[in-house]
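You will see two complexes here that share subunit A, one where it goes with subunit B and one where it goes with subunit C.
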Partner chain A sequence: MRTTPDKSVFVPKRKDTIVRQLCDELLVYDKATNKAHCLNESAAEVWNLCDGKRTVAEIVPLLKKKAKAPTDEQLLWMALLRLEKAGLLQNNLPLSGPVCTLSRREASRRVGATAAALAVPVIASILVPKAEAAVSCSTLGGVCNPRPCCAGMLLTCVAHRCV
Partner chain B sequence: MPEIESPGHAVAAALAESWLKSPPKSKMAARDLAAIVPLLLKSGAGALGWWRFRNSDEQLLPAVRSLRETYLQYAIHSAGHERQVVATFRVLRSVGVEPILIKGWAIARAYPETGLRPSGDIDLYVSPERQAKAQAVLNAASRQQYWVDLEHDEINRFSEFDFAELSGRSELVNLNGTEIRVMGAEDHLRILCLHLLKHGAWRPLWLCDVAAALESRHPNFDWDRCFGRNKRRADWIACAIGLANRLLGAELRDVPVEYRANSLPRWLISSVLKQWSTPYPPNLPSFVSQLKGNWWRAEILTAVRQRWPNPIQATVDGDGSFDNTTRLPFQLRDCIARAVKLCLPLHSSARD
Partner chain C sequence: MGVRVSAEHLLEPLVSHLPAGWKPESSRTVERLYSVIRGSVSPRPSVRPFSFLYADAQQLARTLHTEDLYDALEADIDFYLAQAARQRLFVHAGVVAWKGQAIVIPGRSRSGKTTLVKAFLQAGASYYSDEYAVFDGRGRVYPFPRPLSIRGDNQTSRLRPETFGSQTGTEPLPVALIALTRYKAGAQWKPKVLSPGRGTLGLLANTLAARKQPARALAMLGRVAHDAPVLASTRGEASETVAFILQVIGS
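Coming up: the complex of A and B.
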């Protein structure tokens, strides 16, 4: 049985990450692993409140004040566990104790089905694929090295010019 | 459920009002959406597609999963791009060059999230007298991690206003604590319209840019300044805005071009939709190598057909009117110009 380490302090991984607030989630991109982690509102609150100085005991009341749905220390630990699993914490959670045993189903039961969507911390991680950008391109007669010729115009790069 | 006539129509329907904070719910069928997802992704409109469909019925969600991945990728990329914009402004200002940002982040800020509008390079307009200096600084090895473009046809070829005028009407906006100079709203909308047409409107994202700029304009927007003094260019701009209205549902209330939106030449809409329907082709082999040894056979027809100029781009290159007459003269002119430009470098390399 783990004793709840109220004085525990957690440091989120900020180095080598890009953090972007999106419409209804916080995006944390880990450059080292090329993974993007989407934190829902409650996981994002925990991420933002963890600063390497505040203890768990200090974070809980702040979280209760900010959260839109009922929350408690168990849910905080659940968020920390998920942040750790996603590789977004610099230090590890304690190895034993009750704090990490709460499943998503149990958490949903505790806070109620409606509030669960808001209260239960969720982190979805994906490997980031390469995507097309809206890079400008060279038109007829334009320089095409290193910039590409416009594909839509069916041009060819000859002697560094699009023809 | 409305019948979708072509993939181009479906792309237009998918991106309709996608630049709004809360786009309207789409009635598109899942199979139609699934069919155009590759077109959205390849044209750089994947994130906007996700934005449009993110609150749709569950049956559409499997089709848009890849759009969501692109949305996240663009969001990450935009953070890096914004840092590059700030860094570029700092380095140019350090040598006394004050650039004006166009397109890219300058228009991305008109969208609900800047990541919805991906930017591949940084387009800056600088005073012609300072351009060489700016280019020299940007060419330094340390700055070559990203492409900065100082040459802009849509300004150099078509603008009636010089740098001093454009600079005088530009605005300073905050980006991560740094003041970034962007074009005035009227000048920027004109540039976005001309850029769209110059490129033959082949990227639907560029028409979304026109719509986003149009709908985010300030209440004192000066239409005379936007259209400029050249009547033909003014009509081009009106046509681009008309396209944004007809294809993407951009709002034309209080916009003095409503008449033009309802009288666009027939070939204009159909050529845009045709382009949006076609998957972007891989780079063609050079015309010469394609015809090597076969120039007298049918291959020449195939090679020419593959390179047949886009009617919008050919009209702009020929400084023509967007009327209902055939585009053939402009397209033939474009072919000849292309052949000349093909021959010149070959001739000079043969001489060397």
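Coming up: the complex of A and C.
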């Protein structure tokens, strides 16, 4: 089995994104996909340390220095995997080596249950809805299933559209 | 925005459908122009006297009853305002006030927001909104007091908060708590406290201008979710959730 060299370099997606720090977390809005992501502290550290120049081998000691809980290379790979799944990496992870053996349970076992809550990288994502989807009723031309057409607009639901 | 009418007497009933805090403006240039046109009786009996509502050149409604146009006008103004406002951010949510602070209940359509708002009003809260939480840059929430839209089996009735013995708030308030919830038959309200980041996502998912103005939305909502606790859970009966939240705020 081929192992991934530690000299791997990963680049977070910076283009078309809006990034905002909120206490320990990082909010990332991807304008290309209209998805918003919330990176917990561990994932945010990895996002910040990956700059397209530092290798995995270089990032691990920096991560250990900054992290509040025990961390190791496997947790770095877990963060990278989750960033990739969220569409927040420019390049793909290799389909071999450390990424194939990652699991949250294993990570929790290695770093201890209490510390795991801090150390395990977590990314929550949502698809930001269109304006029409975030209201109680649909106006002319809007989708009327499951929302009704706005009562005052004298609209009828035809083929899932308010007309 | 501007509104023009085909007959002067149409203006008076129209005013009550404008958003709270509207002010007359002398400028003749507007971003969106509504036209309310009353149908006139034709000498030919086969021609029915339809009344029309237009937004710019787009026909929004056509009816034989002119008063129906006002509800249509209100619905469109609210939606336009919610996505086009530059100083404020509109989140689809119910809002009530309790002891000088706001309780914000964001949620999708049919998630049970109105039921929860109604239960808060019956518990003595003041009414702020059944549809939108309107935030400013300081994280305060403003009233947007349209009558409550209560869905029945076949139709929606609109009830004023006074029906429930409640008053309507007039001042912007800081947020005491945000409850991300939806009704599920038989569920129990077992809330988790979300981190500010997760709370921001919960608000963002109900924000009308989120796609148009993501940077502004993230900044404003991040502040709101940072300053107030965000609770998330499915809920069963509204009274149980209301009692819990009021106890949390009281303590």
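The criterion applied here is as follows: the second predicted complex is superposed on the first by the 122 of 163 C-alpha atoms of A that agree within 3 Å, B and C clash if a C-alpha of one lies under 4 Å from a C-alpha of the other, contacts with A are read in each partner's own complex, and residues count from 1 in each chain.
Convention: a residue touches a chain if its C-beta (ideal position, glycine included) is under 8 Å from a C-beta of that chain, and two chains touch if they have at least 3 such contacts.
Remember, it's a predicted structure, so these values are computed and weren't measured experimentally.
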{"item": "Contacts of A:85 with subunit B and subunit C, given as first, second, both or neither", "value": "neither"}
{"item": "Partner chain in contact with A:128 - subunit B first, subunit C second, else both or neither", "value": "both"}
{"item": "Which superposed partner A:66 touches (first subunit B, second subunit C, both, neither)", "value": "neither"}
{"item": "Contacts of A:20 with subunit B and subunit C, given as first, second, both or neither", "value": "both"}
{"item": "Overlap of the subunit B and subunit C footprints on subunit A, listed as residue numbers", "value": "18, 20, 22-23, 27, 29, 36, 38, 126, 128-131, 133-137, 139-140, 146-148, 150-155"}
{"item": "Subunit A-touching residues of subunit B, taken from the complex the two chains share", "value": "41-44, 46, 69-70, 72-80, 103, 112-113, 115, 117-121, 123, 147, 149, 153, 198-200, 202-203, 205-206, 275, 280-288, 306-310, 313, 317, 334, 337-338, 341-342, 345-346, 348-349"}
{"item": "Subunit B partner contacts - residues on subunit A that touch it in the complex", "value": "18-20, 22-23, 27, 29, 36, 38, 126, 128-137, 139-141, 146-161, 163"}
{"item": "Sites on subunit A touched by subunit C in the complex", "value": "18, 20, 22-23, 25-27, 29, 31, 34, 36, 38-40, 124-126, 128-131, 133-137, 139-140, 146-148, 150-155"}
{"item": "Residues of subunit C that touch subunit A when the two form their complex", "value": "58, 60-63, 68, 70-76, 79, 82-83, 91-92, 108-110, 131, 149, 155-156, 195-198, 200-201, 204-212, 214-215, 218-219, 222, 225-226"}
